[in-house]
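Heads up, the next two complexes both have chain A, just with different partners, chain B and then chain C.
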Partner chain A sequence: MAAKTISAPIEVYRYDPSRDRAPRYDRFTLEVEPHTPVLTALLSIRNQQDPSLTLRYSCRSAICGSCAMQINSKSRLACQTPIGPEIERHGRLVVEPMRNQAVLRDLVVDQSSFWQNYRKIEPYLKLDPRQPMPEGTPNPMTPAEVDRFHETPRCIACAACYSACPAVESDPAFPGPMALAKLYRFVVDPRDRATQDRLVRIQTEGLWLCLRCHLCTEACPKDVQPSERIRDLKELAIAAQGGTERGSRHAIGFKENIRERGLLQEMKLVRQTDGLAGLAGQLGQGLRIWRKKPETTKRPPAIEDLAQVETLYRELDDPTEGHR
Partner chain B sequence: MRRHEVVVVGAGLAGQRAALAAVEAGRDVAVVSKLHPLRSHSGAAQGGINAAVGAEDSVDTHIYDTVKGSDYLGDQDAIEFFCREAGPTVVEMEHFGTIFSRSPDGSLARRPFGGAGFPRTIYAADRTGLALLQAIWERLGTESSRFTLYQEWDLTRVVVRDGAVQGIVAFDRATGAFEGIAAPSVVLATGPSGRIYARTTNAHSCTGDGVAAAYEAGALLKDMEFVQFHPTALPDSGILITEGARGEGGILKNSLGERFMARYAPHVLDLASRDVVSRAIATEVAEGRGFPGGFAHLELMHLGREKIESRLQEICDFSRHFAGIDPVTEPIPVYPAQHYMMGGIGTNATGATSVRGLFAAGEAACVSIHGANRLGGNSLLETLVFGKQAGIAAAEHAARSSTRPEIAAADVDASQGPIRAMMARKDGEDPAALRAEMQATMERYVGIYRTEADLLEGIRRVRALRQRYENVRIVDRSSVYNLNLTDALEVGHMLELAEVIVVGAYARTESRGAHSRTDYPKRDDAHWMKHTLARRSDRGPELSYSPVAYTRWEPKERVY
Partner chain C sequence: MKIAYYPGCVAQESGRELDMATRWVAKALGIELVSFPSFSCCGSGFVDEANLTLNVAINARNLAIAERAGLDLLTICSTCQGMLTLANRKLDEPSVRARVDPALAKIGVSYRGSVKVKHLLEVLTHDIGLDAIRAKVRRPLRGMKVGAFYGCHLLRPSAELASESGEEPHAFEDLLAAIGADPVMYRGRVMCCGFPILFVKPETANRIAGRQIADAKDHGAHAMATPCPLCHISLDSFQNKAEAAVGRELAMPVFHLPQLVGLALGASPEELGLPRHLVPVDPALAAIGRPASSVPSR
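Moving on, here comes the complex of A and B:
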């Protein structure tokens, strides 16, 4: 299976805080086959050129989650990323440590915040002594119930999503995509007895801080789709609490708003989200906007094709009605 | 010096199950692992976990299949205990939260596996190890106030004084600091050592650290010459293609398009025991019926896209990513690769070793239930059944212990001193080069088929490598995540074990299970129905032998 080899220049981030004043990039050149994974190249650098190059790695088959890093600025597993297409697309191959976690050395980062966030969502079955598990036999679970987990059981905790997430970067209160996908896994578990409590709590513990940018889903090497599961959690959370929490009020307000006029009514949304007191709190900001762009503070007229919006809403509420 | 009551080294399924048992027994527990627990190699197990739970199946059939699979080298009393614990173990893991695949009636789904008389392998798609590892870590996590996790610490030695364990010496990768951790009970659950071989399904971290540390501390190693080669690995990388692929109906073909297993196992074909299928593939290739490059084909295409993508999802990803092959439309190239060590630290069914206070479980241990050949689906079960037993026994030993174990400064220095010398060298052997030579040597001279001449050459070469290791050099001087140091330690551990494997293989003049001597092609029950025991000495491993435990199953010729 010998393919033609390419000469690949690889730039690797190097930094040992115990000895270096600043990070640098070392350039290595390797003869590789186009399908050679980045990890294989990094290990051959370690074995043949520089044994001090430091990274986490173990299984080399995308199941242990050790080797997530930035490859040409994307969070990827090094073992699952072939070199050829990277060089073809970017003209170079730059390897850097994951983001949103401090560098300990070279490509090794401090994952303690990632693990703490995972721990914080209480990732274990919570039981109720009044509803004990069946003695000596497994809980029954239908294949349809297993399907409700979607791909969340495939998560290998590699933290690629955590590295890619702008909400993690901007707000330490956001638990990150992996933790929320893991929470979803427990929320839909028919064996768990704390579904309601989990859904209520997460609303004040970061759920609504997700920016819905989908970068986590794009980064995930196992197709867990954290972004979609966070969306599912939001829906379940609204249903669980009747939409009284601030984040859900915002989401519901947004939805009603668009249905009513076909576009966003900002003043109304603020009132729906934060109430009259919230509106009062935003008064200064409102006045500034009013001076600059008075039209945005007025109630906008409905768009012309409001009927089409209504059709869309009906189809979304009842998928059998449309052809979605 | 740190102090605990039970120190568990290794945090895969066996280590975590041991830790959970010791925590539940109320002991102060330390878990020491060179990887975060969720990165352990247990997570790479794909196919499933055996338990005779169906009404049509029986524990006795599971016992018989395991005894026969072991080529009558497994201890039957231990196997009986093991198979009886299977059902409760799987139920417990389900209650801990494992998401198993299900049948339409809501029960645990089961698939056929090699060497088994009944479809009794319970699974979670083709990522059963990952599913179990997540569940046990999440369960153990609820006890996080009751144990201390030493994450990314490397074991350097087990300290034994006056015949009793005192604890361990290890170093913290993050700081480079060597420390003694004293405890009356130590459980070694450090998993595989497959990186001794060039072509292996095992992760890079599988370097036999605990087995080597036990050996160096005077414990007996058992049956180390029995090395399992998994029939279906990707030829270039050694990445595993689960036996579940054949369990779901996959078939092997040679370059003539023949379903060649008909010649080697006329009754069960592709689902014969692993040693049988591996020899068949190696023979087909050696006799010129392989594909160019030296491999056979595993065909799944006839199963259809839906079944392949749902039940063998990871395999699809592996093949597409790592071999550029789509198993829905084309065959997967496969060749056997080292997969599992039947041998290990000798223990009884409670996990106790030949050293007081030292326990072992999982692949690092040898109870022995796998004998000369392990059946697929039995290793995940072993980690949990005997991990728990070792944890219970270690906790009891610690509770009874009246002496206060001590790790002296000299013990720590005995680990740190040689490292300093390796770092101080201006010139010396490169650990990566030694590792590569060891791997090539074991692959070539101590592989699937063995002969006296090859094994003698293997002994000579491994000993020459051990000599050169005396002059190994660490070029990285940093104290932070110094992987060059880890490399050097790991190669030292593996060279110790390589010598035990090749010396044991040379001595055993018969063919049994995975140990195939072309110069002694028959099983020889009269002389060799016994376990090999190896004790470390300055002259190399000293071998002795111990009887196999029998209960009900008379040795018969093994036909599949």
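Moving on, here comes the complex of A and C:
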């Protein structure tokens, strides 16, 4: 039985950088059933109303990862997003290309930076060259070992996380959520022999620029939870190397603040993260804030029952131990 | 209502104006705040990067303090809210319990998992209710266009936090409308403030903050408001740096959530600690025809 159709207004981003001075939005109206995916509607527009509409797609089944775009400002797969709920929630349906990548034409973006960042983490098993495996030898993992990275193989490299990420938007040094989630997958793979090297390298190649905003985890259509995997990577990096970077020093310093007082010690933490030289560089800003908020430089009194916190540290803060 | 008050570190240190405003508003609305001097820091989204299990245990101890008193727990910081809620969720995992419980036993603490962690925004919109707040408004903020800025950890990961919606929240805007302000919708309202890397790579953090402030400004906001003192540091205390990073003047007053509620309920700027802000709030007060605060802001 066919569902009741709705008359859906769809605003589609149109831009051909070789011809157009600026992007525009074309408005189409379609009679569709509410559960119709946005991709189906776009293909229908292309087939019946405007053959010049340009988009990427392939499988139509949320497997190939080709049709990621912005739907009502959120990065999603067009094949997996039904029209009805979007119109219900927003009163409109606006379809735009992914963010953080240059538009080639209409809904198609240049994905080269996304793929470059992926290649940079060397996303393949590195085995020990001195002990090459004979051809055809299996190299099995236990179910518990596989379980450590059961989320990441679900990734279909659609780049929805890359499009949603404010660190990618603001700093080209950040490799993006997908590359880091994939790196995690190789770091915890028991067959990989480059784990330590991978952890050392990534510390200076953007790991500590993740904001933990979780926008990637919201955007991911496959529940890879990249932000959680990046947190896991950070914990492994600290366990491997300690506080070699500002990011790791900040996390370790924060942990020490709580051990000593139970609370954050604002100035002390800045010094631990930045070092004295860094602190000197922030002097002007520090003074500006201090004039309004003199408590910034005061050490807070220790919490009551601090000894309890110290005991938790003794019991659980063994830096040599694994995390999951 | 009576609730365990978890102010978090910043509201006891450089963000003291947030604590002042919270106490003023709680009193005006009949919320009894019970303080516990043994509460520790929540870990702030940093300690778990160094040791997740330890961070969960620290927060299990905090939650157990409220549980022993038979109270739910009030936070006034998006990050505290996120970290304490995350601990509650993690403690549902048997493997985490197996490591945390024995450590808690060493300090004579056990936590059953009964405490609800509620941010002030939720307490105001759900427990007190918008009708009750509307009834107490003495000086509606009519004419002030305000861009709500939620703070990531109040919203996401939405599956973990069971928050109203990681993508399309509206509780803050509903509250702003209830106190007479005109909420401004803009993309940046659910984005990141940059704070987590403010001390890791300041120029990037400042650029991120600048983008969100500029977005609010371009949508006509006279002011922004945040339920998170860490966002406040990034958006207010470092706004001069954000201006430099995005290459434009912003001059955007940024309120803590309870400061705006307090203004509408009749508190003075001084009672709410407004003169402590780095960016003067006077232009926003002028938009609602209120005199500038008596203490000059710069």
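Here, the second predicted complex is superposed on the first by the 289 of 324 C-alpha atoms of A that agree within 3 Å, B and C clash if a C-alpha of one lies under 4 Å from a C-alpha of the other, contacts with A are read in each partner's own complex, and residues count from 1 in each chain.
Quick note on the criterion: contacts are C-beta pairs under 8 Å (C-beta built on N, C-alpha and C of every residue); 3 or more make two chains touch, one makes a residue touch a chain.
Treat the numbers as computed from the prediction; the structure is a model and nothing was measured.
In the superposed model, A:L104 lies in contact with chain B only, and not with chain C. In the superposition on chain A, A:G91 contacts neither chain B nor chain C. When the two complexes are overlaid on their common chain A, residue A:E218 makes contact with chain C while staying clear of chain B. By the touch criterion stated above, A:P129 is placed in contact with neither chain B nor chain C. With both structures placed on the common chain, the touch criterion links A:A62 to chain B but leaves chain C unconnected.
Of the two partner chains placed around the shared chain by superposition, chain C is the only one that A:Q285 touches, whereas chain B remains out of contact.
Comparing the two complexes, no residue of chain A contacts chain B in one case and chain C in the other.
Residues of chain A that touch chain B in their complex: 1, 16-19, 35, 37, 43, 46-48, 51-52, 54-66, 80, 82, 104-106, 108, 111, 115, 119, 123-125, 133, 136-143, 145-146, 149, 153-154, 156-157, 185, 189, 191. Note for the complex: chain B touches chain A at residues 35-36, 38-41, 43-44, 88, 90-91, 94-97, 99-108, 124-125, 127, 130-131, 134, 138-139, 141-142, 144, 174, 203-205, 235-237, 239-240, 293, 313-314, 317-318, 321-322, 324, 333, 430-432, 436, 475-476, 478-484, 487. By the touch rule above, chain C contacts chain A in their complex via residues 9-10, 12-16, 37-41, 43-54, 57-58, 61, 99-100, 102-104, 106-107, 109, 152-153, 155-158, 166-168, 187, 191-192, 194, 196-197, 199-201, 204, 207-208, 211, 237-238, 240-241, 275-278.
Taken together, the chain A residues at the contact with chain C in this complex read 73-74, 89, 166-167, 169-171, 208-215, 217-218, 225, 227-228, 231, 234-235, 238, 245-248, 250-252, 254-255, 257-258, 262-264, 266, 269-270, 273-274, 285, 288-289, 292-293, 295-296, 298, 300, 303-305, 307-309, 311-313, 315-317, 319, 323.
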